[in-house]
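Heads up, the next two complexes both have subunit A, just with different partners, subunit B and then subunit C.
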Partner chain A sequence: MTMLQIENLRTEFETPRGTVTAVNGVDLHIDNGEIVGLVGESGSGKSVLAQSVMRLVEDPGEITADELLFKGEPLLEKSEAEMTTIRGNEISMVFQDPMNSLNPTITVGEQIAETVRLHQDIGESISLPAEMKRKIIGASKASESWRRAIEMLESVQIPHPESRATDYPHEFSGGMRQRAMIAIALSCEPDLLIADEPTTALDVTIQAQILEELHSILEVFDTSILLITHDLAVVAETCDRVNVMYAGEMVERATTRELFSNPQHPYTQALLASTPQVETAVEELEPIPGTVPEPIDIPYACHFAPRCPEAKEECFEVDPAFRRVGSEDHEAACIRRDPVDGEVIENE
Partner chain B sequence: MSNDHTTAGRSDSDALDPDERERIARRYRDESPVESTENRGVYRRIRDQILSDKKAIFGATMVLLFVFTAMFAPMIAPYEQDETFGINQEPNSYSEGDYTGNGEIDRVWHVLGTDSFGHDLFTRIVFGARISLLVALTTVAFAFTVGTAIGLIAGYYGGLIDELLMRYVDFQWAFPSIILAAGLIAFLGGLGVTNVVIAIGVAFIDDFARLVRGEVLSIREEEYVLAARAIGTSDRRIMTKEILPNAVAPIIVQMTLMIPLAIIAEAALSFLGLGVKPTTPTWGLLLAEGRQYINQAWWISVFPGLAIMVVVLAFNMFGDSLRDAFDVKQSEVSEK
Partner chain C sequence: MSETDMTDVGVEGTDRNSNEDPLLQADGLKKYFDQSDGMLDRLLGPASKVKAVDGVDFELGRQETVAVVGESGCGKSTLGKTLLNLHDPTGGEVRLDGTEIGGLSDKEMLPYRKEIQMIFQDPLASLNPRQTVGDIIKAPLEVHGIGEDDAERTERVRSLLDRVGLSPDYLERYPHQFSGGQQQRIGIARALALEPRVLIADEPVSALDVSVQAQILNLLNTFQEEFGLSILFITHDLSVVRYIADRVLVMYLGEIVEAAPVDELFENPKHPYTQSLLSSVPRIDPKERSDRITLRGVVPSPMDPPSGCRFHTRCPVVIPPDEWPGTEEAFRFAFRFRNQLLSGEIDVENIETHLEATTGRVTTESVADEVIADAYPGSPENLPGEKRDAIESAALALAKGNDEEAASIVTEAFPSPCERRMPTEHRHASDHAVRCHRLDPSAPGEPRRIGADDA
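Right after this comes the complex of A and B.
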């Protein structure tokens, strides 16, 4: 079954300098129990895409889509109140910077317990006076939500969860905070977890542990994961399928194995060439020349054309439709690639 | 040779076998306290900061003394607040007369003298502390509640709501607060503590609103606010649980700095005859009454004036040191 189905999603910001199209007609789908990667440079619109799915884009952001279906239900038609019951409960998010994503004035355990109280009917009041009382005399250690908080901390492998739960975020290390964030995100057993660069701020050993954590989540909680990153190594290690994004548009999608062994879009190829590889000794890495264009009224058809080594004049003129370029579901949006079996997927 | 040398230091006889190593490691793990004490006490830091600063100690002591005086005024004051003795008595003088009504002549000492009605000045000042404290606290509480609400809503929602609320605050900002308070008292009609509190409280709203809005604008961009929204927290909850607790330090400091201003404002209103009822003992009223007799009886206005000065100064010093204590960056620098 499809967990998340996105078709032609656009997120635009009206600014004094013009309309910024941060996400420009993106298609994406995530199946049950799948880890899907979303890769791209900084500024390619990955995070905005993630926030658009949860409808967290703030004014003046405007989200439109032909389809934004979560478990078959259109998210864009939900009211704000309905969205608050979905956020944290059915779709959760883990953020990039674990140093800043926990509230410094609330204990870690309480932050998890609060999420549980918000979404699960366990007979604990979430009214303001009740919360004030909890703040002053401390949350009951016998309450269902607190028990659940400790359980969650244990499941993300925080040592001594009972005593650690009463600590404030500044008493946690970076890796532990990210685990705590994951614990919060998973406390209500969501169906979809969006991890927005969850390992970027962490060093490699912790990164490996967190990625392992994500894998075990998949098994234990049966959660689909959308993993956003700019780190190809992370994708190679974790994801089932990969989507490559550039300047607000998808340029290529394939299974992980296929993408790494047979990259087709010039951007993906350049991205891989600019990453160090252990097996092949390379004298010098090849950076991609230039920078991501500002997403305000990009005048040329293929957004990558000005930086593309293979660009021809028609690249600037003709919208690149997705075409099948390899085995199975391997598709790329580049007119310089010959479609396999002549199959071109029309973009409307 | 050098290789042999380095390995010799960790020869096999010294090395622990894995089981042994694990056993020892576990012992250390179990012994080491899990709770980190690092940064545990914000309160302790504030206490240390105050104790290390002489001005802060002075401020805190005087503030405590002031609160204590106000609380136990009837026990501290030597006489009843409206008992009358000889009028315009000098400090350190005595009135003689039958004040207890038992037919005998009493000799009564006035440490600060008496006023033009014959009230003992020290008694009046002690009771005046009650009014000053009451007015100051309720005023600041009122201004804090309304001002914080305005600042929170304006800062959080932004846009048109922000525009409307803050233009109102700007309007009030541009208006001299004592004139606004005087106007409000005229509007509310009549003298009395409640009206004074409302008048001064309203005049102080803008300070809190601006401060809180500024804090909210920076805090709402923090990732934990976005994270809170991502777990399905409602707007009201984000404002009260995520944003407000993180803005509390500057608000507390602002409160300690507004209390002396409220005391002065109350005194000024009483001085102008717009404050509490004339028979109530307040510092401002004493000051105003003494003005007429400044040539014959300087003490009537000087001592209440001194009381105001000392209390205001004490609150300011206390507030300053609180601000330093809450300012993490500054305290880190001074510790190094």
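Right after this comes the complex of A and C.
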């Protein structure tokens, strides 16, 4: 079954300088039990895409889409109240900086327990006085929500969850904070987890642990994951399929193996050429000249054209449609790539 | 260079300048931070100190790029700042071209500041938001009295902007009007305004996108050739190190554990810490992926670093003592149990609560069993008899609340040469130095020394 089906999603912000089109006609789908990668540099619109799915886009953002289906139901037609139940319950999110997304004045256990109380009917009052009382004198350690919080900490491999649950976020290390964030996100057993740069602020040794953690989540909780990152190697090691985004548009998508062994879009190729690799001593990195354009009324058809080494005049004029460029549903939006028709599979 | 005149980790001249002394040099450099909160703390007992940099020997040759890598908290940034004398060194020496500069006052330091400049991770935070780019880059020229008058300085700034790939017309703009990559270019222009000989770059590309990161790295390479810059590159990103560095120092808890030329270090890492660090880096090509060496345990506090080899609490190939009767693997399991007990990671109260909740009854024996199940990886069955007894009696002592007794039992039963003795430096090759007992033929014990290779 398809967990998330996005077609022609546009997210626009009216500003005094013009309309910012942060997400510009993007298609994306995630199947059950899949880890899907979304790669792009800063300003590519990948985070706004995630916020659009959660309908958490800041004012004055406007979301439109031909289809934005979550488990077959259109998210854009939901009321705000319905969205509140979906957020956290069915779709939850993990952010880059765990220190800024945890409340520094509340213990980690209580923050998880709070999520459980809010989103799951476990018979504990969530009235304002009841919550105030908990915040002041601490939650009852015998409550169902507290027990769930400890279970969650245990499932993300926090040692001694009973005692660590009473710690404040600053008493956790960076890796443990990110685990705690994952625990909060998973506490209501969501069907879809959106992880926005979950390991960017962490050391490689911790990053390796968190990425393993994501894999075990997939198995234990049967949660689909959308992993948003700028790090190609993280995607290569973690995801089943990859989508590459540039300046608000999707430019290439394929299975992970196919994308990295046979990258086709000039942007993907340039991105790979500018990435230093640990295994090989490269003489000279090839940076992509110029910078990502501001997403305000970009005048050229292919957004990458001005930085593209292969761009011809028509690239600025003709909208690049997706075409098959390799095996396993490998598609790229570039008019300078010949479409592979039917059965023919072309390898470079 | 002969083998004999190199006694310190990291001593190596580049080929280009092998007959010259290193440009920047540190011997036994230490930087401790006082942890006491106030005067009362200081009067009561000795202050606890964070040993951020603890005895680092270091050399940077002319036109060489040396990278310092390590996890966050290992002291790499403190090392950079101490070399620059932004922190007063607690001990040891720093020499710039043979002149001692460690601990000089600000005034005495002024002439040397021109020679060593720094660029930072967050370019925007390191640029004054209220000054124009022109003023920012001009400031160091004014401080050091370079240029006849303002017009001449402005001219210099314009040419610097041009050199770092920005339009000279940007002079009147403010930092926030630039992208992250451009801001870092401004930071580089400011650092290079004084034509320094040494550039200390602390995570200069960590906040940038890969395509922009490559631009900045290439810019640094160009300047190195043009100005003959020596660069100390501090980073946690091993892929960047592979690209930019000539030589690499690996740092762990304030000490350098391995130093080697870049290709040698990546292709033939010797220290178990370096090996596990390298194995953690994600790789694009599936063929390049090797088995990940996961490090257990927490990074110990730099306030009270472990004795002997500081890595012994997390080392996957820690050495058993001579008289160890069992297998190496059995020893490592027991040793991990020991370390968790000694570091206070085993929380008996917690285990009691857990037992209370699951079974409803708590006895000393059941707690002891749970302690073992919790902290001993696998089952102690495969341990030789008396050693198994030691685990059990330690767990029992802990369950009874005799923490000290438990600690002395495990310390007695599971010693390792790694915790008793500081590893001396072993030269794997003339320019590849490692501090690990596994590689040191003169270390006590009977380790299978190749063990470090097949880890």
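Everything below uses one rule, namely that the second predicted complex is superposed on the first by the 337 of 348 C-alpha atoms of A that agree within 3 Å, B and C clash if a C-alpha of one lies under 4 Å from a C-alpha of the other, contacts with A are read in each partner's own complex, and residues count from 1 in each chain.
We adopt the following convention: a residue touches a chain if its C-beta (ideal position, glycine included) is under 8 Å from a C-beta of that chain, and two chains touch if they have at least 3 such contacts.
Model, not experiment: these values are computed from the prediction.
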| item | value |
| --- | --- |
| Superposition on subunit A - do subunit B and subunit C clash or fit | clash |
| Partner chain(s) touched by A:Thr115 [first = subunit B, second = subunit C, both, neither] | first |
| Touched partner set for A:Asn89, first subunit B, second subunit C, both or neither | first |
| Touched partner set for A:His160, first subunit B, second subunit C, both or neither | both |
| Which superposed partner A:Ile106 touches (first subunit B, second subunit C, both, neither) | first |
| Subunit B versus subunit C as contact partner of A:Met181, first or second or both or neither | first |
| Partner chain(s) touched by A:Glu171 [first = subunit B, second = subunit C, both, neither] | first |
| Partner chain in contact with A:Leu56 - subunit B first, subunit C second, else both or neither | first |
| Colliding region between subunit B and subunit C, picked from 171-179, 225-233 or 333-341 after the shared-chain fit | 333-341 |
| On subunit A, positions contacted by subunit B and by subunit C | 159-160, 163 |
| Subunit B partner contacts - residues on subunit A that touch it in the complex | 54, 56, 59, 83-89, 92-93, 95-97, 100-106, 114-115, 118-119, 126, 128, 131, 159-160, 163-164, 167, 170-171, 181, 184-185 |
| In the complex with subunit A, residue positions of subunit B that touch it | 34-36, 38-40, 158-159, 222-224, 226-234, 236-237, 240-242, 245-246 |
| Subunit C partner contacts - residues on subunit A that touch it in the complex | 41-42, 159-160, 162-163, 173-174, 203-205, 207-209, 211, 230-234, 236-238, 257, 260, 270-272, 274-282, 284-288, 291-292 |
| Subunit A contact footprint on subunit C (complex, rising order) | 71-72, 179-182, 209-215, 217-218, 236, 238-240, 242-244, 262-263, 266, 276-278, 280-286, 288-289, 292, 294-295, 298-299, 345, 347, 349-350, 353-354 |
